[in-house]
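For reference, the structure I am asking about is given below.
Labels run A, B, C and D following the written order; every chain starts at residue 1.
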Amino acid sequence: MKSPNRHGVFLCQGGHGGQESLDFKRLRWTAEAQGVPVFEVTQACAQEGAAAVARLAAEGGLDAFILGACPLAGPGGPLAGELWRAGLKPEMVQHLDLCQKPLGQTGQCLVMDGGALALDQALVVQAARFQPESREMEVSRRVLVLGSGLLALKAAQGFLLGGYKVLLITPGRRLAPPEPLLGLEAKLEATALARELEASERLEVVPRGELLRLAGSAGDFTVTVLDRQRRRWTRRVGAVLVTQGPATRLNSGETGLEPGPRVVSLAELLLWLSSPEHFRKKLPAQGQPRVGLAVGLGQEASPLSLRVACLAARGLVGELGAEVTLFTGQAKMASPDLEELTQEVRGLGVVFVKFDNHRPQASPRPDGVGLRYFEEILGRELSQDLDLVAVDEVPGPDQAWRGLARVLGLNVARDGSLQPDQVNALPTASARAGVFLLGPASGAWDLPAALDQVGQALAGARALLGQGKARVEEGRVRVDRRRCAICLTCVRVCPRQAMDRRDRRPAANPLACTACGTCASECPMEAIQIAGQDDQRFAREIGAAVSKSPSGLLAAPEREMLVFACANSAGPALAAARLAGRPWPSGVRLVRVPCAGKVDPAYVLWAFQQGLDGVLVLGCYEDACHSLTGGTWAAYRAGHLSRLLTEAGCDPRRLISSGVAPNMHAQVMDMVEQARQRVEDLGANPLKTQARVRDFLSRFTVRIDETYAIAG
Amino acid sequence: MSKFEQALADKDFVLTVELDPPRGVALAPLLELAGRLAPRVDALVVSDNRGAMPRLSALAAATRLAAQGAEVVLTLTCRDMNRLALTSQMLAAGAAGIGNLLLVSGDYVSLGDHPGAKPVYDLDSVQALGLAVTLASGRDLAGQELDGAPSFCLGAAVAAQSDPLPPQLIKLKKKAQAGARFIVTQPLNGLEELQGFCRQTATLGVKVLAGLEVADPGQRQGVVGLLREIRGSGLVAGAHLSMPAAQDDLPALLDACGL
Amino acid sequence: MIVAQRKDFEQIKAAAADFRKVLVVGCGTCVAVCLTGGEKEAGILAAQLDLASQIKGEEKSFAVACVERQCDLEFLDELAETVLDHDALLSLACGAGIQLLAERYPRVPVLAGVDTTFIGINRDVGLWEERCRACRSCLLTTTGGICPVSLCPKGMLNGPCGGTRQGKCETDPERDCAWSLIYERLAGLDRLENLSAIVAPRDHGARGQPGRQVHPAYLRRYSAHE
Amino acid sequence: MAERYDPKVLALICTYCTYTAADMAGSMRLQYPSGVRVVKLLCTGKVDVLYLLEAFRAGADAVMVSGCEIGDCHFLEGNLRAKERVAHAKELIAEAGLDPGRLEMFHIGASDAPKWAEAVRQMTRRAQELGPNPRGRQKAQPLAAEARP
């Protein structure tokens, strides 16, 4: 692990260097308290002094430093040139004006009132500039694909072309089963593709295999497979693509349409239609076939179902001259061209029966289906005898699918998919980094649309795995083994399941970890720290947000507020607002966090202890959090904090949480202003004066150091 | 006010004897014995599975005794009943005209002959007294109004010779607060035990009955003497006699004491 | 921590009698600390069972596995493959761990190898003492940090019963009377007034059985209304 | 006992006392049964209950643990711990169906070669009386094979 960047502080003593003032000592203590090396120089505004700074910085191996001096030593001074000469970059210095009266006027440099606070803030910023060292990480170039058919084969083909190995576990015996929704051409394409791929040495097919276990994390999974011969073996894989979906059932609701020779699924009907002669044999020979199509009679149907029904109706009328009635319950129309398609089949003579409150009742017979229903527009009972009824499908309560989800470490959503209800997961990401979802597994029941996902998933997996070596940033998330109690909270809260367990204790997989900090905030042992975002830093930022000027003790205190801003949403929004010229309200201090999930409940409590009057947490909207669930965890904590504050006698309205989107620059400053207004109305934090007096008195607390050592 | 409570108030020295219900269904001998004892004492105290050994229900025995006109103190233990069972037993006692209750924690089950039984102790004796007072006020512990409230003179037990004594006294004070009118001490060995105890309980406002037990025939003379001493000392409000091994001899013991 | 003790060997042997391949599953947390169900004890039990079955000439095999905690599904997942090779799982975890193991692998019979005894403290190597009954209504603030619920056999809440003998319990002359200890502790702290108020009967059923506890921060996550 | 057999006795002994005694027994030409197999441990405190069970699983007919005299342990109380573990293991093998007499703890000082010889004779005699390890020796496992010093 790389050592953190080295920082330093240079303090200019002015021209004489003589007696140290108390204020100067306070500067030194401030820097020392944060464990930063302090160098004292004289006359950094002059050539000689600047040269000394450059030399010391080079000798100390510093990556960055703060120069606390008068404006004469600032950017216009001689230091930049000296740094160049010493082979260092002038950007490494952060100038901090600490001197009230530059040398010359009084012959002595006076440290500004509040200089220590300014230095404290500068140190916080400097410490947060963590630049992680990147390293190469070995990843597996084998990919596991679950499923069969065109979707799985296309994905496998993509990986094989990219030079990866593919482990393909198919639920059935065939690599290229029929593709009813895509018709005969797709079936032919899949068959050809299967033949082509089977020849590849880098493809390993496990027909009727079962995935028993997926251990490890992105880039370095270990899969345990049970094959058809009940043999168990393991492979290392870098990523997993799930292209199969849950088993489905007919969406018949309470109509009595049970699967049978005369009641089939729409997909099956399409499959039959691909061979009309074959289809004819399934129906009574004489007369015009009468076919009913049903969509959304149970739960609401997807646009795909209606589209399939229309396609089937077109085929039935066109190819077989059938008499078709389309029964619809609740169905989504939100799909391009669906309106046109329905108009088209209406034109072909297909009868539409729409149900709002009623449902048909079916009585299946060996030679057909009798359907009785209440026609809501006509307002009367009707009945129809049909040769065949085809019903749309919805995911069924599939235990096997739930079992697979468990093995993959994912949850089954209400639509049967494994994808979190989150815009940032779209189109193919899952809640486990390195596992990609396609087709029904991602909620896309529309196969053509699912085929579009193949490219996305390939790109995602390739970005993750690279060419067998991935560049990762090391040391962003540190787990202190001595503190860790192996409670697994971090493993459970990590939105991307990046916490791997090696050597018994959790460790963040840098390939999967986004350093959102949710784990650090939830860790009950404070064992996890995010580099540059550690608890100490936030403690200091909170401390620095409280005005410590002695004059504040006398004047009526201004309201002071802290804004925690998520770097993914509130951060950009606030930056854009500032660029647009919105003024920043006084008394409000901004603290950036990588995700609202990083806001530890302790930070909020510290803030109120320190005397801040209000805290505003600006995160993403819950279903748009860039770390998927970071905002969700933050929301849990906000509720908890309200209770804690109430219990402690602090008005919980002082804590405000809001969701904001990155493009809401027009609104975000209003949010801050409203929060500030609310805090204004609530009055001063009762702890404010106490905290200030305590801090003010600390200035006069004698610290024993060598300067004060008693002679002798 | 029960006859026994009246006696506590009026008499200088009350006398109770303890009777164990039979270990079986033969109740007649007990009824006969009680018939002989009742006129000679202020109350018959019916024990409840004494020593954590099951016997015929104390409530059933006490009901029969009360029916034949005896003044009865019904013992109920917290060991065998939860608050529901205690409530119904107390109500049954009230309905049977039993006006006195002695509420005790009860010896632990491991001291009896069913050591594997599950001990209840849902309430402790202080809380059981509270329950009886609540019932007497016309409500049960859930606050439901009773269809007719019982009325009890309540008693509790104390180990006067306990070491350390102060924790016993703290609890005794709670018992008095909770509604105990009289206190029965565990069997005493000598007058000294009682002297120390009584000095500390004088202010509690409860009547103390000195417990005296003849565990085997050899102790009989000693108990007779001790009773005389206690009575003479004027320390307590009365005495409670028991002969667990041979309660049929209780009349003879009373003879020997000249009572 | 939770303390458990190994069941009688005959009982374990009888329970395992119907199975040919038994996996003894230890637990690396509480039962390991109380020297009852950790990896070592699991190994000893497996060796002992193996010895017993070989002496009887039975064709049986016993294997050992140990997970960090049997009361966490994540750790039980580690056994997924091993379990397939066995006819029965003999768990040395506390009752909670055994149940989760059985829930995680419903197709394999799970046998209990230990009796969970109490929540207690580590007094010395090989010596544990009960200190808590998880009664959900802690009185320790007023009782000087000595628990009458777990240390008094009768669980008296208002003071000692009449069975105290020289500061010992009526059930066992070796056992300290909890209420004597409480009295001494409070007298030493000069806080005897703690005992003056009558303690109301305990609420045995406020939240019903079995227990379910939600951290206040996650009420929203687990509340039934959402 | 219909058939004579040479019992296999496994001895787990400590370096400081018993091993010295055993060594001396050799140089003193003391006679004792040849079926004893010695495993030298630094201290009998290293004896694990599992070792003892494994020894019987591997087919040992008797197992003896021998450490220093009580109070003489170089590691202060290793032999006391061993004594407790042997007592525990006796219970365990009894539960498993073996006579606990097949396992014994001895305390033999460094100079006490005759006591060592006698202890081995005693364990061998016991094993003779109790008969072969009922578990049988046909599937002897590596632990026994590697157990020779």
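Here, a contact is a pair of C-beta atoms (placed from the backbone, for glycine too) under 8 Å apart; a residue touches a chain by one contact, two chains touch by 3 or more.
What you see is a predicted model; the values in this text were computed from it and never measured.
Undergrad: Any idea which two chains share the most contacting C-beta pairs?
TA: B-C
Undergrad: Going by C-alpha centres, which chain is most central here?
TA: If we average C-alpha coordinates per chain, C lands closest to the whole-structure average.
Undergrad: Using the average of all C-alpha atoms in each chain as its centre, how far is it in Å between chain C and chain D?
TA: Taking the average C-alpha coordinate of chain C and of chain D, the gap between them is 37 Å.
Undergrad: How big is the gap, in whole Å, between where the Cα atoms of chain A centre and where those of chain D centre?
TA: 64
Undergrad: What's the distance between the Cα centroids of chain A and chain B, rounded to whole Å?
TA: That gives a centre separation of 72 Å.
Undergrad: List the centre-to-centre spacing of chain A and chain C in whole Å, with centres computed as mean CA coordinates.
TA: 40
Undergrad: Would you tell me which residues of chain A are touching chain C in their complex?
TA: These residues of chain A touch chain C: 212-213, 224, 232, 486, 488, 491-492, 501, 504, 601, 635-637, 639-640, 643.
Undergrad: Which bits of chain B are touching chain C when the two form their complex?
TA: 78-79, 83, 104-105, 107-108, 110-111, 119, 121-127, 130, 141, 157-159, 162-164, 166-168, 170-171, 173-174, 177-178, 186
Undergrad: In their shared complex, at which residues does chain C touch chain A?
TA: Counting only chain C, the residues touching chain A are 68-69, 72, 74, 77, 80-81, 84, 215-221.
Undergrad: Of all residues in chain C, which touch chain D in the complex?
TA: For chain C paired with chain D, touching residues are 9-10, 40, 43-44, 47-52, 54-56.
Undergrad: Mind listing the chain C positions that touch chain B in their complex?
TA: Going by the criterion above, the answer is residues 153-167, 170-171, 179-180, 182-184, 187, 192, 195-196, 198-202, 204.
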